[in-house]
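This structure is in structure tokens; I'll ask about it shortly.
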Amino acid sequence: MKFEHVVCPLCGCLCDDLELIVERNEVISTKNACALSRSMFLNLNADLAKPLIEGKETGIEACVDKAIGIISKADYPLVYGLASTESNAQRKAVELAELLGGAIDSTSSICHGPTVLGVQMMGEVTCTLGTIMNQADLVVFWGSNPVDAHPRHLTRYSLTPRGLFTPRGRKGRRMIVVDVRETKSSKLADRFIQLKPGTDFEALSSLRALIKGEKIDIDPELKELAEEMKSCEFGALLFGQGLTMSNGKNMNVNAALALVRDLNQHTKFAILPMRGHYNVTGADMVFTWQTGYPFAIDFSLGYPRYGPGEFSVVDLLSRKEVDVALIIASDPVSSLPAQASSYLSEIDTIVIDPNRSMTSEIARVVIPTARAGISAEGTAYRMDGVPIRLKKVLKSPYPSDYEVLCKIVNGVIDGRSKDS
Amino acid sequence: MEDLKIVNGIVYDPLNGIDGERLDIHVSGGKIAERAKAQRVIDVKGMVVMPGGVDIHSHIAGPKINMGRRLRPENHRTAPVPKTDVTRAGVGGGLSSTFVTGYRYAAMGYTTVMEPAVPPLMARHAHEELNDIPMVDKGCYVLMGNNEYIISHIHELNKVENYVKWLLNAAKGYAIKAVNPCGSDNWKWGENVHGLGEKGVKFDATPKEMITTLSEVNKRLKLPHPLHLHTIDLGVPGNYETTLETLEMLKGKRAHLTHLQFNCYGGSSWKDLSSEAGGIAEKVNDSKITVDSGQVIFGDVTTMTADAPWQYRLYRLSGNKWVNNDVEVECGGGIVPYRYRKKNSVNATQWAIGLELLLMIEDPWRVYLSTDNPNGGSFTSYPYIIKLLMDKKFRKEELSTLHQNASSTSLPDIDREYTLGEIATITRGATAKSLGLKNKGHLGVGADADIAIYPLKEDIAKMFSKASYVIKDGDLVVGKGKIISEKYGKTFMLDFKEKVEPDPDVREFFKYYTVDIENYPVEMAYLPRYEAIKCG
Amino acid sequence: MLMGEGIKLRLQKEFNVPVDAPCIRPDLFKTLGNEKIKNLDLHVGNKVKGLKDLFEVEGEFSDEITIDGDLSNFKGIGHKMESGKITIRGTVGMHTGAEMSGGKIIIEGNASDWLGAELQGGMIRVKGNAGNLVGAGYRGSKVGMRGGMIIVEGGVGNEVGALMRRGTIAVGNAGDFTGCFATGGSILVWGDTGERTGAFMSRGTIVLYHEPKLLPTFKYGCAYNPVFLRMLLRLLSNWVDVDPQYITGNYKRYSGDITELGKGEILIWVG
Amino acid sequence: MWINTTEIENTFAEAFVMWGARVLVTGKDEKWAEVGAEALTGFATSVIGCGCEAGIERAVKSDETPDGRPGVSCLLFARGREELGDQLVNRIGQAVMTAPTTACFDALEGDQRVPVGDKLRYFGDGFQISKRIGDKRYWRIPVMEGEFVVEDKFSIQKGVGGGNFILLSEDPDTALTAAEKAVEAIGGMKNVIMPFPGGIVRSGSKVGAKYKSLGASTNTPFCPTIKGLVKTQLPDEVNTVYELVIDGLDIESVKGAMRLGIEQASTPGIKKITSGNYGGRLGKYMIALQELFGDADG
């Protein structure tokens, strides 16, 4: 069976033009998919999670009941993950955290959390990816390597496509890469500026000063870059974790946001974060409309409080402040610093995930689910905030993340009404 | 859902010509009924009974308000809203979270709210948020005034008509919205338009052509609500001339000019900005146009509009943080926090203009209450505005605390005081009528049983800020200003009768989008509770 | 109320989950008898408990509070207090003294992040170290500390005095982004400072006693002995030992951050 | 009444209300503090022609000044609040800001305050910096030498102007010596200044004049050279008269200064000490000379 216009639930590009051939509930070929995406679609059945309690396989109902039992008794539970699921599951997760008086955080806090902090400080002059396609004659990739991390970004959105006002495609666009090392992307660039590691902030600040017309003693390449940025017709700065997770973090983002904002006194310029997980943006969105805050939220007082560095996953775990962790569609053991992730094996950790992961290995309860975007529908938000509906192409024996979370929420409520 | 009988109330139902009569209201099956087998009788002796409020223009859902929420944790921090046994937690500052938005509207007796500016590409997001707003029915208007397909087909009315129809259906929108037509598109190149006749930077289309085209299409499609227009030159000193020209251009046509306060400025700079509300009101009196006021409220607000060049200007003026988002081929938008100050001459004049419009436009069926939430202030300020309208003395007292420039408007000389019937008109009857929502804004038999019951209080602001009872679709949801039961309303969309297919041109145009045309239309999954209003 | 009496809290249990304790404030305690103090609510994780469940409470009707115990996970002690004195004989958690407008907090151990955040007035003294964002503005705010004084004898983390508008902060060592986004006020760092001191500052003063690595967006002015600094140091010498040479010595003056208004200053002592 | 061989006339000195301020000028060393203070209080003998009356109160040691440098405390008096404010702005701006190394502080505890630094700051052309240290606000104005620091507002209070006594002597040298002795003694006192040159006035004045354009003219009843032509107040043997004028922050300080001055000046050869009064028309305070000592005797 052939599925067209399929949305790829892998990276923040959320390409929606894939074609899949499905036979016997397996994807047997893909069209338009990048290498990462193809590999994902063709290996969907590898490493599937099984319902486990204390490492022993059991029924999914038993797992859900066990999870309800654990989480209902928690003094301060953490709900975490949610970057690789759809928005209904995210909504339900917020409801659960609120109900429990716990904390909720998404993987934003370990990738583009600094971006959010930057935006809250400086504002953000941005656009959708199609605006870049249609208008940009200059694209600057800063601390991001789209060729490896977002393989179709350059061809679908930012470099080669011919848009409404960019009929010459690649020929009409300058590509600049600023990074601390050569990458596959920098090799494609018209100009590559290699920074000393940990000096992004200085470089961005210097560019701002140059754009204001200040004279400073700086690398001539940066001076040329400043001129290029000022004189383009429509520029875009696309930044990744090379900026957000290097020395300076949110301050680097502040400087980048300010640079782009200031450039708008001279030309049109926009800035976009190159977000990794396909729906990490959605987690920000859902959390924000339900609570006012995009990540690192605490409900222990009955209302939402915002605390990056306080209620964010790394901080809560490394300070050992939570007593139960519910991990949804994420693998913190593989992605968090050891000091934080090791605590997950000390407490009651529950994992809701379609696949086995390092976290499910250490979890007390594992609840397998139907994978969003493959076996469950729902909304995902592209890295630029464009919402796209994920498709269901395969059947799964398991309920979706959303369905499992609904059961847990209802279970907690039922448990309470029995108690009282 | 039990049947109800609401007895002994003093009823204001302007659409049915009822102005303060003591009447009993019967509710059955979620509708107003001739006679209900009332199992439950609510005695509202001495209270005022009105149809549920209908807000025609309030930014409550979608990418823009959510970006605003994300931008302003400092605003939320001071306004936490704890969960209760029946309600969800959230934040309730000027940018309330979705749940709190619903609760706050309901507590004031509002039961229908329209989100007025949705980029079609982001409509799915708007619907997701609308679905998380409890207590009220809702709908959204679709941004079209800077749509590059329309701009580039501006002289092909049939194509535009087909496209608009398809787009409204794709976005599951309720009305056509135009914001700074052609100006926001120019902002994609850092420019704006000045005057109705100015051409775009990249396109051969003028604001005038865009407005007349959309208004004509609106008419041809027989949409229930007229073109909802945020016209050009908003916020700029001296813009009243453009506004008069716009009104002249639309004379005899149906159109709704929104938050008109921002378009009534005389003078040539911020220093000599003055009110031209009188002339504008006269022109409105002399037309078929409807308007909403866009009252400003003193204090901290977050301005947000698809008028992106205006937001850039406001950023440069205020130095506050600024968000801009250009949406491919459709529109753009901006967000800037701002503080309206009593002692600021411009802000004080803006405050006065909003009231002048409401008081000088004679026909309450054609001027509606709004703050352009959250731009001029929060919707939670409506009771305060109602008090200003109903109480001349209070108006004067407030005026005396403002910068003197507010007193050089005609406001001090206006003696008009709104009656409760007129308040009911500008907050529900007329707005429902303008929206073409035949089951809203009145208490006639067959109407949705959305009922707001207010305690008759000395202080009018207090009276309207906490309804004694609110009934939504026949269920009692608010008691003494508190939510006693959470309930989700429906979303209004349009019913075009026949299937809507895009023109081949539109398919061709989608190469300028980064989303496949097949994935573009909002699926019905996003409207779990809906009512499709027939066009025509 | 007799002088010297005061209220004593002794922590009885140790917790890992965070405890939200803004009720511990002298201007409130001064109005309460012992029983009422004992019954004040605290949030321990998602549970509400009484003060007496955690502390042994002695004394009543006093605006001097002394607390013994490891309060590392206690947040918001002295939040918004307007008067009185808290002495913490140990280490304390986040948001201590945040938004306070008067009175005094003495911390004999260490303090955590957001110490004295958005401080309006009063004084906080820490014998040990403090965390990040001391005296800073909360997320999204335009203005951080608006007055008062914070003295940390040990080191502090990053972004001390972020968004500061008025007041004085004096610390042993400081991390990165000291005084970022400042629009006024004075920050003195007796020891070492990290990188990017004064980033985005538009006004305000940062005084350093060890040669830092400055951002390229700060511009050198001259070396001189600033009279106002003599005054500030003499005032500070009421609470900390100030080397007389700091008062009489010369300072190199840098203006910045030129990416912003550029009217801030970094003064570096040259002896 | 007599002190030693000097007759103290039974009359009163007529003093009036003035607004006073205490300005502390500091500098790199005593010299430059003094230079600033001298300039600040220069040409300030009489409000009649100088706008204010001012003088140095005392030297202030470095450990008592806000910036830890030597200072000089000055008192300035003017008829009204606004005049005093203007004088402070003009004088501090022209005489202290211009003087090398100086800084300028408010050294009065008063409840009313006038803007000074707050006005002078504009000289900084946008580069001035406001600093709050303790509970006071200062302005730092960039100047060619470095920075001039001046307090934002200065306290003012109601004070007393025109406390005086007049020495009548046979011999010019005796008169001057006695006057100097009085000045020296009063110089050690707080809260008062003697605004005239060396603390001594030779050209005492009376209210009114023959010429309509003048409000005051030479004190003819006390001018020895024209004794024969006017209704004189001078005995025949008197050849020289000096007046000592004292302005103070409060009446008690002025009285104390007058008492000490009269005691010190009552030396052989000083025939009589009297004082200028205008029949009660000039001022609020009438300081009876003899009562000064009545008080002292107790």
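Note that the chains are named A, B, C and D in the order they appear, and that numbering of residues resets to 1 at the start of each chain.
Rule of thumb we're sticking to: contacts are C-beta pairs under 8 Å (C-beta built on N, C-alpha and C of every residue); 3 or more make two chains touch, one makes a residue touch a chain.
Everything numeric in this text was worked out from a predicted model, so none of it was measured.
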A student comparing C-D to B-C should find more C-beta pairs in contact for C-D
By Cα centroid distance, the chain farthest from chain D is A
So, in whole Å, the Cα centroid of chain C is separated from that of chain D by 47
Chain B and chain C have mean C-alpha positions lying a whole-number Å distance apart equal to 46
Expressed in whole Å, how far the mean CA point of chain A lies from that of chain B is 34
Chain centres from averaged Cα atoms put chain B and chain D apart, in whole Å, by 71
Residue ranges of chain D touching at least 2 other chains are none
Residues in chain B with touches to at least two other chains are numbered 71-74, 77, 320
Touching two or more other chains in chain C are residues 139-140
Pairwise touch list, complete, is A-B, A-C, B-C, C-D
Counting only contacts in the complex, chain C reaches chain D at residues 147, 166-167, 184, 186, 203, 205, 222, 224-228, 230-232, 234-235, 247, 263, 265
So, in the complex, the side of chain B touching chain A is made of residues 61, 63, 66-67, 69-74, 76-77, 80-83, 88-91, 93, 95-99, 121-122, 124-125, 128-129, 132, 148, 188-190, 202, 312, 315, 320-329, 332, 335-336, 512-516, 518-519, 523, 525
Listed in rising order, the residues of chain A that touch chain B in the complex are 4-5, 7, 16-17, 87, 91, 95, 98, 116, 119-131, 133-135, 156-157, 163-165, 233-234, 261, 264, 267-268, 270, 284-286, 288-294, 299, 301-306, 377, 379, 381, 385-389
In the complex, chain C touches chain A at residues 16-18, 20, 43-47, 73, 94, 113-114, 132-133, 139-140, 176-177, 180-181, 195-196, 199-200, 215-217, 257-259
Interface with chain C, chain A side, in the complex: residues 74-77, 100-102, 117, 120-121, 201-202, 205-206, 208-209, 212, 214, 216-218, 247-248, 251, 254-255, 258, 299-301, 306, 308-310, 319-323
